[in-house]
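Labels run A, B and C following the written order; every chain starts at residue 1.
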């Protein structure tokens, strides 16, 4: 006599599992309790000094001032945040208030109905923010998030190295930049530090060149028309290739990360390279990765991305991004009031004073302490146009493809023509 | 007494009649129930969901609605990166079987000898397995740091230009393999050690008394008795290599330019970064199918001997 | 004897290959990031004990350690228990559908965990297991079943039939044989799979990350994030942290190792 498992019991167990799943799929979120107590689930990515305690203090102050409201903070590291948010949103339970970079990812969340349309709620106070900053968080004219931090990408350079190489003033045109690279190489200095492994630093070059060659809206247009195979974008790639062919990057750059001890920021901070194209956080990361703990100190300078001769873009058009908060669809009403508090002038001044945030509220700009922060803020204030980082502005699949394609261009594995064809293919499949 | 030139084989299973146990179906079901319940609910259900999703174009939000049938699969096999992944999987499996497993076996035998400090060595050799992937990757990026002494020398030994072993598309896969081996050989070593412990001393002693050299004893007595464990180790190694993700992800992210990318890395990129969950699910189904096909063939061909006898009798009849 | 010396040399050489990277890690914890960038592989200068002492002094580390330990031990108990029961019938009895069921379990090995995470999350949420250690323990155990069953079945097979027959003749029920005779004999195997289960659980990052929003339940791998910022990691602290995290796992292995070796080595005379 042999034993066999009842098929019925097997099916039964599988059915239980499937049933539980379906149940879960219909489930919504449970907070925003009844009777006046509200809990705000807040996920942010400033999980280290200096902003971690600042956010915590602001939350506590709000709780103390508003009985019946609890703020549950979950500080997460960048990558962990993305992973956790993805799972939560895809499962239909977004947190109440969470980090957002705006752009295509936010648009996707809007389309899936996971974030609140807060246009009407923020209308009374949104005017205190820089209009440029609101762009990435506006989808089809409606606002879904509010930025608290705004920055831009530009060239950070070592003035001492430039002097040694005989470069009089920072390059204002692309041709002058290539020339400067040549001079630096002759002087035995590594011209540019680049984190090849991380890919996103490389896409800054291509994106800026696209803007300089084709004008501010060229990248947005390419997305809308689902076509990147235009002469302007091919030309942008070709300009970049000119730089790559000069071999201006540090040794082992294809395996270098941005923030690791032997990465791009550390190379700059220790004086190992003359320039890097990076965002407003660059000076502080250079300093913390460097041996001296102060980076290159007062030898650090900043110049905006050069223009391209014959191109349609101007130097006041800016490529960058920031940080903001989006509101989850099931968020309790207190969330919007809390958000307003976080963005009021006093709190923005506090954030700006830490040096980790460049405030979006116009009046808070006077609290920026360090010189480099002030430079960036001033440049931003004078900006005539803004383009968000492509790996955020575009839908995720396309944004990743930009990073991948530019990395292939940098490694010499693809030509500028092939790059735009690959991008077009992904854009069309969206 | 066993003649040395005969390879030791487990004795043939006793006659059929003796093997059928009288056992109540309820007993079997009771023994299986906990594992089965856990497994069906928490493993099979998610897998079925992923299988379902692989036929759709889906970004993970809401419910899959854009049915594309086999498209995701044809797309995968047409994609040069994915094809490269298949090739790299093959290379890594070959390297594992030819390098990693024999080394683990050798070390297990080594540690079975009466050596002073043997326990310390055992602990040491297993240590890498205990580390997390992130830890290992952090350590090895440190070791292979460009421009610095040791990293420089090591990289040159591997054929890359100075310090660039993870940055050079030609050497990165080999470097990844070495790091993976460093971490995982301890697992196989422990399996072999435990199996070796199960071999009665009388057998090996008998062989030595008969005048066999250490190598002969190993080749004709130990190795065959370790056979089942070796076969399991190979199985786990191949399946594990096909699934390789964490280490590659943290060490190189699959780069530079996909030179160290594995199927699992591609799947993660598309699923979690590009939000093309349907396509990623299709890739995972391909990984599953490959592993499963290998397992079926392996069971039939290689492990037949092990499957035949549910119980082996020890003791050799001359 | 020459042979002994050669063996020792071999062991030392392999040992060096193992220890050196770990040694760099340990030393790295005594540096700061600046030193790591200019002097990654040398001795720290000056020694910065602050990384290690800071972590050891923080209550957060010890709580995460406790969480990791609890979850790892519970996972091991569940998976080894369930797997041993199943492997027992797979190894010792013939029944219809046995090989098919075994293959079903083995198939669980062949599926990448990352793909299962979204459906798993939905399931856990439906069962109310989020922010609950069971939400990590049960899935980990479930995914650990394939390897554990495969290994245990192999070992259970090697117990000679005579032992079982003797027990049955003495009036022993299957479960009694399982509990009182088979398990003790299979101690090396049980120790092995327990160690595997504990180590896998110890290093699991994704599952605790998505299941636990309440930070007081965070395990060690998730806790390392505290040293990783948006743009840069505090690598020196990360190194100190990961070195400290591996000590308990290694300690457990050291203890279990005695079982691995000390189990019944000899067979039973036929």
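Here is the rule we go by: a residue touches a chain if its C-beta (ideal position, glycine included) is under 8 Å from a C-beta of that chain, and two chains touch if they have at least 3 such contacts.
Computed from a predicted structure; not experimentally measured.
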Arrangement of touching chains [line / ring / star / complete / other]: complete
Leader among chain pairs (count of C-beta contacts): B-C
Chain A and chain B, separation of their C-alpha mean positions in angstrom: 38
Centroid distance [mean C-alpha coordinates] between chain C and chain A, Å: 37
Averaged-CA centre spacing for the pair chain C and chain B, given as whole angstrom: 16
Touching two or more other chains - residues of chain B: 20, 23, 25, 27-28, 32, 36, 41, 44-45, 49, 60, 142, 145, 148, 272, 277
Chain A: positions in contact with at least two other chains: 2-5, 17, 20-21, 25, 83, 90, 260-262
Two or more partner chains touched - positions in chain C: 36, 40, 93-95, 101, 117-119, 123, 235
Residue ranges of chain B in contact with chain C within the complex: 14, 19-21, 23, 25, 27-28, 31-32, 34-36, 38-39, 41-47, 49-50, 60, 107, 110-111, 113, 115-117, 119, 121-136, 138-140, 142-143, 145, 148-151, 182, 187, 190-191, 193-194, 197-202, 228-229, 232, 235-236, 239, 242-243, 245, 264, 267-268, 271-272, 277, 280-281, 284, 287-288, 291-292, 295-296, 299, 306-307, 309-315
Residues of chain A defined as touching chain C within the complex: 2-5, 17, 20-21, 23-25, 27, 41, 45-48, 72, 74, 76-78, 80, 83-84, 87-88, 90-91, 93, 258-263, 265-266, 269-270, 281, 285, 288-293
Residue numbers on chain B that touch chain A, as the complex places them: 20, 22-29, 32, 36-37, 40-41, 44-45, 48-49, 59-63, 141-142, 145-148, 161-169, 172, 252-253, 255-257, 269-270, 272-277
Touching residues (chain side chain C, partner chain A) in the complex: 32-38, 40, 93-97, 101, 117-119, 121-123, 125-127, 206, 209-210, 213, 215, 222, 225-236
Residues of chain C that touch chain B when the two form their complex: 4, 7-8, 10-11, 14-15, 17-22, 24-25, 28, 36, 39-42, 78, 81-83, 85-86, 88-89, 91-95, 99, 101, 103-112, 114-120, 123, 138-139, 141-143, 145, 147, 149-151, 154-155, 157-162, 164, 174-175, 178, 188-189, 191-192, 195-196, 199, 202-203, 205, 221, 224, 235, 238-239, 242, 245-246, 249-250, 253-254, 257, 260-261, 263, 265-270
